[in-house]
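Paired with subunit B in one complex and with subunit C in the other, subunit A is shared by the two complexes that follow.
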Partner chain A sequence: MLGPPLAWMLIFYLAALAVLFVSAFWSIDAFTGKLTHAWTLTNFDTILHSSTYHQIAFRTIWMAVAVTLTDALIAFPFAYYMARVAPPRMRTILFVLVLLPLWSSYLARIYAWRLILNQDGALNWSLAKVGLPEQSWAFTNTAMWIVFSYIWLPFMILPVYAALERIPDSFIEASRDLGGRNWTTFRRVIVPLALPGLAAGSIFTFSLTLGDYITPTLVGNVDFIGNVIYRNVLGLTNNLPFAAAYATVPLIVMAVYLTLAKRLGAFEAL
Partner chain B sequence: MEARATRVSLGVWTLLVVLFLWLPLVLICVYAFNSSNIQSWPIAGFSTKWFHAAWHNEEARSALVLSLKAGAIATVIALVLGTAAATAVSRFRFFGRDAVTFLLVLPIALPGVVTGIALNSFFNNNPVHGLSPSLWTIVIGHATFCIVVVYNNVVARLRRTQTSLTEASMDLGADGWQTFRFVTFPVISTALVAGALLAFALSFDEVIVTTFTAGAQNTLPIWILGNLRLGQQLPQVNVVVFFVIVMTVLPVTVAQRLTRDTGILRRR
Partner chain C sequence: MRRMHRRHVFVAALAAALCVPASGVSSAAGPTMITKAGKNEGALNLIAWEGYTYKQWVTPFTKATGCKVRSKFGASSDEMVTLMRTGQYDAVSASGDASLRLILGKDVRAIDPKVIPDFKNFIPALKAPSHNTVKGVHYGISLQWGPNTLMYNTKKVKPKPTTWGVLYSSKYKGKITVPDNPIQIADAALYLAKTKPALGIKDPYELNDAQFKASVDLLKKQRPLVKKYWASAGDEIDLFKSGGAVVGASWPYQTNTLKTAKAPVSDLIPKEGATGWADTWMISSKAKHPNCAVSWIKWVSTPKVQAQQAIYFGETPANTKACAIMDKLSKGSCAQYHGNASAKYFNSIKFWKTPQKDCGNGQSNCMDYTKWQQAWTDIKS
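What follows is the complex of A and B.
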């Protein structure tokens, strides 16, 4: 029963990843533009010693961190309300209200923000209505930060909600009985128990930001790791080996991140 | 439990987050009815003329057909493979069980661009058979990350189902197939439908991996992306985007209703 799905994943996924990994050690002949199947470390050498590629990598990782923190801050009070304050019926409604944007068109949601942040878009119109100066965030890092935080927010809310919902009321009562004030209970009981949920959500917000090249293309003005990879595979540069080598950067970062998240109990909370 | 002030401020925050999540979606739907071809706010006037234009746009139509085909085939593959994997993992204990789950989740846990170029380099550099871009290269990519969606739904349902149901069936003399057909299948059927709907929604909207497997073909999201990049045919893009939102929201709503717990099968 396990044969067919396993075979599919091995042939089309693991084999593909293996080919990718191997091709990172190939190179492109500078004159003919043809793929050379000889082993070389040139690609990794370029990545390690080029300040441009360092900058792009750090920019991407930095954005992934910023987006993850922002989403955690927005999601926690929301998930808390959902799990511990809202009546059951309201909870179901909120659940659907979070789930639908998560599944609804990813491109549509990025495009919506492009329209909102435009000079003559809805945000400046609203700012003018309340007498605030207009913004010019379109095609900046701020725009990318807003849009990334927006599109990945549901991925953070759901696991945090699940973690908070699982905390038995008796734990909180016990803390109160033992003299813990609200703040103490929150800090010493609720937050530690919600941590696996936060870690689980952060895997998504972090990984999805790390591998995205559409958002920077549509609402930003600088390159992310994904843009470099995209251009080297499908763009004019046409250097698959280099793209493969650069793709190891997000892979290594994710491997480290997943190890840390596992320690925080994220895998049980997924 | 919480102080009144805390509850009120949490409620206000929740309302703000809901608005943050939904206003952009509402706004993009309003733009589909914009009478002008200039995309500014507020929209110049109300019109449905772009619906007509988009409907008769040949490129958009063939992109839609390709997306529907790819989504349908990928969903069927995901359904078969995802169910098989889920049944095996939840019915039997074997060495490397966790590894199977991990392998299935990997395509959505790793950055999409990595999956994309992996498939791209695999199709191009495969020593056995170089696969040129076709409907099938798109399908392979989509099915690979859709399997986990079906798998998750079915595993969750089987986990909530009492194993005594299948044991009873076996004790009464049913063979493996009869047990599946008359006991397991009715139990997981709604989970299968939900998994299929979600897999289809995921495939219908996917763009990051698809750009690497589609070659020069246009699926609907790739058609949208291309036009957004070049700033072309935006009024028609608005209509198509409106359509895509509806096409993804409907199956998800249905799936959500189907996966609600169904009385007797609950463990607790």
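What follows is the complex of A and C.
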């Protein structure tokens, strides 16, 4: 029974990763751009020693962390209200509202944000109406942070909601019976039980930000890891080996992240 | 000549036939030169610059030849080269910084210009230019050419700029846009060639270590001034429409499109001169529809289509007969787009070409294109 799915996984998933890793040790001819199948460590050497590629990797990771924290802060009260306060009808409405953006194209939502953040966009128009100074966030890291936090928010809300909903009322009653005030109950009962949900949601927000290259192109003005890979695959010299080498950076980051998330019980909460 | 030619074809075909069963690798000769066009295949897949496959001349082409055109816009020369190497496309409108790479990579087929009737009316400089003709063999047919321009918002940028320096000064900080393309380094080099003659820059594509470093440093200083490095022509049009940028490096196509939309923009060639492009239609060595590709090149070489494209994109046709039609379509457009320009004007534009180690003066200490690409990633980071 396990055979076919396992074979599928081995051939199409792990084998592809293996080819990716092997090709990272090849190089290309400088002028014609054709692949040279000779073993070399040049690609990794460039990545390890060039400050440019460090900067791009750190910028990407930093943004993924910022987006994850922002989404966690917004998602927690929202999910709490949905799971434990809202009446059933309201809960359904909120569910639909959370899922509704996912029904529209990801690109359409990014372009919508471009229109909002533009110099003469909806945001500046609204700010001018209420007498506030205009912003010029278009094509900055701030714009990227806002757009990333927006598009990945549902992926944080849903697992946190699931974790909060699972907490039995009796636990909270028990805490109160033992003299726990609201804040103590929240801190010592609810948050620890919601933590696996937060960790699960953070896997999505972190990895999705880490791998994205479209948002930086459309609303930002700097490169992410994905942009460097993209330009090396389609764009610059078709330098697939270098793209493969750089692609190992997010792979390693994600491996570390998943190990930490597993410790926090994220996989039980999924 | 013709006879010898046939023999070549025969030998090459024989060599290929012997080679295939033995190794499965194509012979060194590659596909043969195109010397005549056969029956159209009914379809054609193109890679083109945005604005090069407009329905105004594509629809009548399909009607006349039965070749259904599917075109994909290439955002940069690099992307065009990569797409051509997939072997899924029949032809490409390659600029000079892509054409030579395609020829050396054996990605394109040689063509006898006699196949294209309008070739004889082309300006002499574009009959066998070094970016598409190697050792007398033509690997494509020239199309159009033009300068990269300085575009500005006529309401916000006053007085009217006269120098590329406006893109390197903090006067319009945060309102500047330039292409996201390593070949931009040549624009900086061109500016330095005039403003810092001590560097001794003669050709903006042939830069030694010191010249290259000076150009890259200038672009690094420009980095904080730039609102957005535009990736597609549409990007820059959006920026100028929304007021995100008021001045930038551009193609005439963006200015034309924005003017049609009644945006307050204008463009010019600054006093330092300009880089530019000279494009060539090249047929893939793996083309599945080579006859349709030849028909297409015939079509876009005719005076009428040359004139239509020149006016639509804002560039100069290779066919000298197009000038009269341009003026008929839009009065004064031939002079506006330099359709009747002298060889002196042609020579004043520094056309895109692939930077190589070989400086062209016997020395080989110039920065090659890989260096340009690395530097561009550094500049942008």
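The definition used in the following text is that the second predicted complex is superposed on the first by the 255 of 270 C-alpha atoms of A that agree within 3 Å, B and C clash if a C-alpha of one lies under 4 Å from a C-alpha of the other, contacts with A are read in each partner's own complex, and residues count from 1 in each chain.
By our rule, a contact is a pair of C-beta atoms (placed from the backbone, for glycine too) under 8 Å apart; a residue touches a chain by one contact, two chains touch by 3 or more.
Quick caveat: nothing in here was measured; it's all calculated off a predicted structure.
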**Message:** In the overlaid three-chain picture, which partner chain does A:Phe139 touch, first (subunit B) or second (subunit C), both, or neither?
**Reply:** second
**Prompt:** What is the contact status of A:Thr52 with respect to subunit B (first) and subunit C (second): first, second, both, or neither?
**Reply:** second
**Request:** Please work out whether A:Ala244 is in contact with subunit B alone, subunit C alone, both, or neither, and reply first, second, both or neither.
**Result:** first
**Message:** Quick one: is A:Thr217 in contact with subunit B, with subunit C, with both, or with neither? Answer first, second, both or neither.
**Reply:** both
**Request:** Would you sort A:Met9 into first (subunit B), second (subunit C), both or neither based on which partner it touches?
**Result:** first
**Request:** Determine, under the contact definition given at the top, whether A:Leu35 touches first (subunit B), second (subunit C), both, or neither.
**Result:** first
**Request:** Check whether A:Val189 is in contact with subunit B, with subunit C, with both or with neither, and answer first, second, both or neither.
**Result:** neither
**Prompt:** Which partner does A:Gly121 contact after superposing on A: first (subunit B), second (subunit C), both, neither?
**Reply:** both
**Item:** Winner by number of subunit A residues touched, once subunit B and subunit C are compared
**Value:** B
**Message:** Identify the residues of subunit A that lie in both the subunit B contact region and the subunit C contact region.
**Reply:** 114, 118, 120-121, 217, 233-234
**Residues of subunit C that touch subunit A when the two form their complex** = 75-76, 78-79, 81-83, 85, 101, 104-105, 174, 182, 226-229, 231, 238, 242-244, 354, 356, 368-370, 373, 377-378, 380-381
**Request:** Quick one: which bits of subunit A touch subunit C in the complex? Just the residue numbers, please.
**Result:** 30-34, 52, 55-56, 114, 118-121, 136, 138-139, 217, 221-223, 228, 231, 233-238
**Fill in**
The answer for subunit A against subunit B in the complex is residues 1-2, 4-6, 8-9, 12-17, 19-20, 23, 35, 74, 77-78, 80-82, 84-86, 94, 96-101, 103-109, 111-116, 118, 120-122, 125, 150, 153-154, 172, 182, 203, 207-208, 210-214, 217-218, 225-226, 229-230, 233-234, 240, 243-244, 247, 250-251, 254, 258
**Complete:** In their shared complex, subunit A is touched by residues of subunit B numbered 1-3, 6-7, 10-11, 13-14, 17-18, 20-22, 24-25, 27-28, 31, 39-42, 77, 80-82, 84-85, 87-89, 100, 103-104, 106-107, 109-122, 124-126, 140, 143-144, 147, 151, 198, 201-202, 205, 207-208, 211-212, 221, 224-225, 228-229, 237, 241, 244-245, 248-249, 252-253, 256
